[in-house]
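Naming follows writing order (A, B and C), and every chain is counted from residue 1.
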Amino acid sequence: PPAWGRATQQPPACPPLAPRRGFSNNKILVELDESKGVALMKFKSPPVNSLSLEFLTEFCISLEKLENDRACRGVILTSAVPRIFSSGLDITEMCGKSTEHYAEFWRAVQEMWLRLYGSNMVTLAAVNGSSPAGGCLMALSCDYRIMGENPKFSIGLNEAQLGIVAPFWFKDTFVNVVGHRIAESSLQLGSLYPAPEALRLGLVDELVPEEKLQEKAAAVMAQWLALPDHARQLTKSMMRKAVLDRLAAHREEDVQNFISFISKESIQKSLRMYMEMLKKKK
Amino acid sequence: PPAWGRATQQPPACPPLAPRRGFSNNKILVELDESKGVALMKFKSPPVNSLSLEFLTEFCISLEKLENDRACRGVILTSAVPRIFSSGLDITEMCGKSTEHYAEFWRAVQEMWLRLYGSNMVTLAAVNGSSPAGGCLMALSCDYRIMGENPKFSIGLNEAQLGIVAPFWFKDTFVNVVGHRIAESSLQLGSLYPAPEALRLGLVDELVPEEKLQEKAAAVMAQWLALPDHARQLTKSMMRKAVLDRLAAHREEDVQNFISFISKESIQKSLRMYMEMLKKKK
Amino acid sequence: PPAWGRATQQPPACPPLAPRRGFSNNKILVELDESKGVALMKFKSPPVNSLSLEFLTEFCISLEKLENDRACRGVILTSAVPRIFSSGLDITEMCGKSTEHYAEFWRAVQEMWLRLYGSNMVTLAAVNGSSPAGGCLMALSCDYRIMGENPKFSIGLNEAQLGIVAPFWFKDTFVNVVGHRIAESSLQLGSLYPAPEALRLGLVDELVPEEKLQEKAAAVMAQWLALPDHARQLTKSMMRKAVLDRLAAHREEDVQNFISFISKESIQKSLRMYMEMLKKKK
């Protein structure tokens, strides 16, 4: 590999002491290491980093800030909550609320995916805990996934187990990662895979011991950032454009589909029962 | 996995003694276990379960009956003939017949695939013998494939070995299971894979000792039926719709293609020679 | 597998002594073994078989000759230069030249791919050395890839390392071979894979010891040629048509894209630096 490739890059400003800038909201903590051009985005919404409307809104704002920051070329997503990356969409946002609320919530879910899957930055998921449903989608939307080598951590699009259906763009993202056959049976069964099985299927790219996860993520990020941004961004866009365009072209229709599905009494009943079960568990 | 998922299901009526309903035609035997919501469909058309017009017609009628039967949620396809699942399309239907016959036959092949690939039920192939060509297509069209662990059993779309071409919807179904690269070389070479190789390529999902096949099929079916039907059906349709729509939109064109190909003197001569060879083998 | 399949083939004329016809240009040597119907096409453009305008033009003429020669049913691509299959597109053709030259060069690259990926013959790459970028594309465009079992040989679409972007039809060809996930990260990282890793990813189909490579290639070719041409050709076309048509429909647009990208001062500067580096290496 010619060192030459790096020449098209603007060398990052490299002062004697690496400056770190950060910003934090309620749910997400961001630390930007300007010397490396890398931001660490930590989900800190206990108990399970569920993707509430507030979380999603903060996520989009944070990501956009980084996207527009010339000092930032890559972002690592990880969790500040032990043993959970993200539990996925917040069920309370989908239960007993108004049609307007459902619409607002679903648009925020779409927005999160459109921004993350379409990000110009290098995006890397350091999956340091379980990651079902929407949490899995966030990991799938990154360029690369490293998971903690803990057989208790599981990952997958398990929506079917809750009686709900992953929308077509969850499916498209999933197929792009694991192929059609695995996506088809996984989505129907709502399969959650323990880390080793997730690796075998290509659902994650690498497993490392938990205590090495952040270090490894930084090393992989450096490898991706060794390449010129411009060619990488054009390439990424070429790979993902068809799938991104598909949601962009059917966004409002997808919102309406969600509303009419989630408003069904049978689905509402199921979600209520599920939440009762979760409460009793505590 | 939350037991909750099952709550959206109507619990199947579960009387003290499990009632079994069955119906049988010339070529296919169907046993429905109402307590489980599972039908076993056994191909019994010796010597090789070839897909004749009569077989295909019976298959479609049987499948439709089950599809419309609220007591049936899943179907297991298997063979009552030793060592062969199905040998594929019946060559006598494609040889020395009228154009009208070819058209009728091909429409029946299309109908079989459209109904099976598009079935709302959980479909499972318990492949208890070899399964070339059209036999392989039937297995590929199910949701899941379990094959007997016998290295003498082989499976594949081997049409090219007979000098004929698998139509685009065979190809689409195949690509969805094994991916583009394997499908491309397999279809060109007419490859038949022994069971262990079929497993390695993902052409079947699981191998089990022959004597455990039916038991395992029942267990896997129970696992699929543990999930709510509605979400599963919507998900399955989302995965398969593009490919199903493609044949639906070009069905008559596909019939005409088949007729003009099969009517060629060179193809007819090949098929006659092949049938002569089969007769001598007996 | 019925020996019958072969019956639709015209048996090749098989005289007592196998006649070999050959033709040679500056850059490529072709030997046609009429008894087998197989041509061996050897790249002989030291030091690295780079794909110059002249090389590409000779390649297309040679391939067309064979395509129109009824005595030729298959072609094996290999290198006459030690340790390198082909280094890919000749950078001197893309650096400091006129817009007209860039257009002519790019049309030749397109032409090479359209003819090779769309060839009616069985095409086999005997990859007896490293094969980056355009060299990898040539291998990917064949029906089958056998690589020398030498861990120093590497293969991949590493354009990103030079700050340039593989066009969409390189990408389509790559996705058809290795699937979306591997293609996406490989293209962004400009990954070059050592032979064993290339095998694991499906980027090549088989590894053999270097000294057995030509023998193995001949054996695999014989296996492909055992099948009737007509069905194989229709099948190949069915598998590749969508991707071929895509470039055919956007060919001029793709030329303009290339020109405007390659004419950028930043890209020209990068290419000049890269060539300087290569010169110093000598």
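Note that in this section a residue touches a chain if its C-beta (ideal position, glycine included) is under 8 Å from a C-beta of that chain, and two chains touch if they have at least 3 such contacts.
Just so it is clear, the structure is predicted and the values come from calculations on it, not from any experiment.
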item: Self-contact between copies chain B and chain C, residue sets same or different by half; value: different
item: Chain A on chain C, rotation in degrees - Cα superposition, rounded to nearest 5; value: 120
item: Whole-Å gap separating chain B and chain C, where each centre is the average of the chain's CA atoms; value: 38
item: Interface hub residues of chain A, defined as touching at least two other chains; value: 179
item: Footprint of chain A on chain C - complex, ascending; value: 158-166, 168, 171, 179-181, 183-185, 187-190, 192, 266-267, 269-270, 273-274, 277
item: Interfacial residue positions of chain A with respect to chain C in the complex; value: 1-2, 4-5, 7-8, 143-144, 175-179, 202, 205, 223-224, 227-228, 230-232, 234-236, 238-240
